[in-house]
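Let me begin by handing over the structure; questions about it come next.
Chain naming follows the written order as A, B and C, and within any one chain the residues start at number 1.
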Amino acid sequence: MRRAEFITAGILALLSIYLMWKSTELEIGYVSDEGPGGGAWPFWLAAIMLICTGVIAYNAIKKTSPPSQSKEPLLDGYGKKMLLLVGGGIFGFIALIDILSMYGAMFVFLIYYLKVLGRHTWRLTLTIAVLTPIIFFFFFEALMRITMPKGLPFLEPVFNYLNTIIY
Amino acid sequence: MMEVIGQLGDGVLMSLQPLNLALILIGVTLGLFIGAMPGLGSVNGVAILLPITFLVPPGSAIIFLAAIYYGAMYGGAISSITLGIPGASTAVATTFDGRPLAMQGKARLALVTAAIASFIGGTVANVLFTGFAPLLASVALSFGPPEIFALMLLAFATFVGLGGDDIPKTIFSICIGLVFAAVGFDEISGAPRLIFGDISGFLHGINFLVLAIGVYGIGEMLWTIDSTRGKITSTETKMSVKGAVEDAKYGMKKSWKGTTIGSFLGFFVGILPAAGATPGSLMAYGVSKLTSKTPEEFGKGHPEGVAAPEAANNSASTGSMLPMLTLGIPGSPTTAILLGGMVIWGLTPGPRLFTDQPEFVWGLIGSFYVSNFFALVVNLSFIPLFIWVLRMPFTILAAMIFVLSVVGGYAATRDMHDVWLMLGFGVGAYFLRKLDYPLAPAVLAIVLGPIAEPTLRQSLLLSSGDPSIFFTRPIAGPITVIAIVLILLPLLKVMFTKSKGNKPKDDGETLA
Amino acid sequence: MKTTKRAFMGLLGATALAASAVSSVAHAWEPTKPIDFVIMAGAGGGADQIARFIQSVAEKGKMTPRPLIPNNKGGGSGAEALIALNNARDPDHTILVTLNSFFTTPLRQPNLGIDINTFTPVAMMGVDPFVLWVHKDRNINTFEDWQAAVKEADGEWVMGGTGKGQEDSLVTTWLEQNYDLKIKYIPYKGGGAVAKDLAGQQIMSSVNNPSEAKGFFENGDVVPLVSFSDERLPLVSEVPTVKELDKDFSYYNQRAVVGAPGMSDEAAAYYQDLFKKIYDSEEWQGYMASESLSPLWMDAAAQKEYWQTQVDRHKELLEKMGE
């Protein structure tokens, strides 16, 4: 993890520099009679972030922080697989929202997660995967009046019909 | 005083009329579930149900809305404890100890303690409200930008004590939260700011919920699956009335002090229009930890760590009604909507409301007492359900948490951009979590940043750039000094121990 | 599984078509889904309050077959809302409640690529006037006294407002330039916060909408000095307008509803009709009276013309501000 500690500190240092650079779009100095300009707050805080990453890297050299003493890799085989399957699953879920609507994407994700990752029975998987979107639909659209993405136009007749039920 | 009690009595009786009582019961139950849903909070409940209230008279309508408000306040703790996701910024501090308790199989203790502390906080706030509303309104008026900034400084001072052992990582976390808070729009110069890649989704800034759900709902979940190798054995928590009563006794015995601190501190921070309930709950947690005999247990599952912020956020939320009613200034988005509702019903909130519309005001305050009581009862009776949720097989619970995260992330701003951002934060948080970066400071900083920065700059505009304004004003001065002492104290301590050659303890387990 | 699902969807589609065919007998066009009611301000501000009031009137009178769903997009001084309308997926179900940032934001941020002339006019619901307020303990009772006091303070006179380029700041700048004053301007998040800090004497005077200062005015905490309206306002009828005093100037914040670019004519006609109904409702008329909005109804054609004059006007005001 020591290497990861260095690399992360480096990435965060770059992020800090980017934030500082981006902040300079507005005044970062002290305007007389006015106090700090619009970019000052993020600029100087990002500068503190940069200093912190330096100290973090220094601590890693001196091995004073727990992660820099650890010999384990940041991501072992399990971690990589987990990130790919679970993180990738959520990524797929979000990507599907614009196509299948929030409810359709939810259905697909639940089947994936419960059946493929959870290895539950089809009966349980389908019960949850079907009921959850239905409950969410009525809760959000009818009760809370929060409209969720409805996907591509081919789903429009379905939702128009559902709308006639709930309104 | 007698007059006040008489009017209050009328108000309570009004809430106990069958229609109003039914509305209160429906309201607190609905509010409880809305509050327990990550991404939804009282603001959604109140906003959406506003039109429905046209079906009933204005007095009953505002009682109904207040009931939803109370229910949602109680509900916030539930998702913090059972799912580990703070559903609202006010409930972030509740996760610090609520989540560890749940993981140790003591979810019932955490939930019962949270409910009782909430009730006490709400009750203390109601009593203070009843007795001193007009007086407190003038206190709120005397808080200008320098005072609010000093208060924020005090809230940050409690951060330093909250962070882990790794000081640079804690400071980094605070700063990145504050920078993220600056994204969107600079109020003072009126210019867009930090619009990364000119993506229009950044124009509305980075919503607290997007970061919080990303960090807790996704990042923390990934970390949990990874660190337990996916074999989470949720320890048994059984639901029995007897057990719950014992939990209540034990929880309160352990945390009466934190509850008291939270109730009063929360209220006084809550009545300040700009501050709101989040700094109140955070400061209550910090002060309880500071004054505790066993501060090292905080963050690992101390009931007081649940009670203090919960008492404070309920107390503060009630307190935030005060500036709305007496000054016409909403202290939070929720009260802003309630304010809109009052205007719709033809009432003018402001200094004259108490004299012009006493029936309405006391009816509302009476309904606070009644709602608070029923919120406690309803909350306690649903605890078995929440514990049942925790006992679900982890592969089902995790799937549900991810679904709730995505839906909640979208509901917060109704922008797909923020859902992607949330996933990004989640994955980033997962790696940072593995490297012991505390992330709670960042999540809280994104809430406090938008209060701290404008008040700092407004103050400096007022003083023509002279920072002594924070020391010379009668209220701001002492607060600033206390805050600075509190910030320097732990830093000095750390430097002192370091210089003596004490290597840091091998204890990476901290908040976040 | 697949065939049944397809059959089911087909059935749903057919039912929906049938349903819409039935309703088309009564109306030319009606919304088939919830209407995205975008608000050019965050939750709780003046514009938000008006939008929610309009929504509640529509709801109460059951005027729409699908609800108006308020959607706060206040980011970037309204830029976020304008972009949302520009990119609306379904222009027939997307409308916007606007303020004057409808004119100023595209002028101040030309890189947004917003051309307001592509938007569909729906209704002008009224205009919100501005009044100059001062705390009663200052013992200032006339506009002249105020000018003298500001001059005496010599640059240390503090006013609050909602931010550079916002409506009240344009009025404040106008005051500075036309009366040769030097004012220190402190931006706040919203008009309500400004009114509160005036009542708490954190600032010395403010340019606020009457609805924002009303509570404190009725309690006697703040004193109105001059209004920037064409005629005296009923709430503060003893206060002169700036026109009466010397200068030919008036400034209002518009409270108007516009449709997304590319809205069909049928949908536009539907919304124009709907908002006319809301405008004429007892509730809205009562609201305008109690919140001191000046009634100003405009049909679509008049609105288009009004937009052009306002764009020119704001260009001029912003230039004078040095923007």
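Assume a residue touches a chain if its C-beta (ideal position, glycine included) is under 8 Å from a C-beta of that chain, and two chains touch if they have at least 3 such contacts.
Every value quoted in this text rests on a predicted model; they were computed, and no experiment measured them.
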item	value
A-B against A-C, pair bridged by the larger set of C-beta contacts	A-B
Greatest separation from chain C - chain, by CA centre	A
Rounded Å distance between chain B and chain C, as computed from the means of their C-alpha atoms	31
Euclidean distance of C-alpha centroids - chain A vs chain B, Å	22
Between chain A and chain C, centroid-to-centroid distance (C-alpha), Å	35
Chain B, residues touching no fewer than two other chains	188-189, 414, 461, 464
Residues of chain C engaged with two or more neighbouring chains	67
Sites on chain A at which at least two other chains make contact	145-147
Residue ranges of chain B in contact with chain C within the complex	43, 47, 50-51, 54, 140-145, 184-185, 187-190, 192, 195, 198, 200, 203-205, 273-274, 323, 327-330, 333, 335-337, 339-340, 343-344, 346, 348-353, 414, 454, 458, 461-462, 464
Contact footprint of chain C on chain A as seen in their complex	141, 145-147, 150, 157-161, 163-164, 167
Chain B contact footprint on chain C (complex, rising order)	42-45, 48-49, 52-53, 55-56, 59-60, 67, 70-71, 73-77, 79-80, 83, 108-109, 111, 156, 158, 163-166, 184-189, 192-193, 195-197, 199-200, 202, 214-216, 218-219, 221, 286-287, 290-291
Interfacial residue positions of chain A with respect to chain B in the complex	1, 4-5, 8, 12, 19, 22-23, 25-27, 30-39, 41-42, 45-46, 48-49, 52-53, 55-56, 59, 64-67, 69, 74, 78-79, 82-83, 86-87, 89-91, 93-94, 97-98, 102, 106, 109-110, 113-114, 117-120, 128, 132, 136, 140, 143-149
Parts of chain B lying in touch with chain A, wherever the complex brings them together	34, 40, 44-45, 48, 166, 168-169, 171-172, 175-176, 178-179, 182, 186, 188-189, 191, 193-194, 196, 218, 222, 225-226, 229-230, 393, 395-396, 398-400, 402-403, 406-407, 410-411, 414, 416, 419-420, 423, 426-427, 430-432, 434-436, 453, 456-457, 459-461, 464-465, 503-504, 506-508
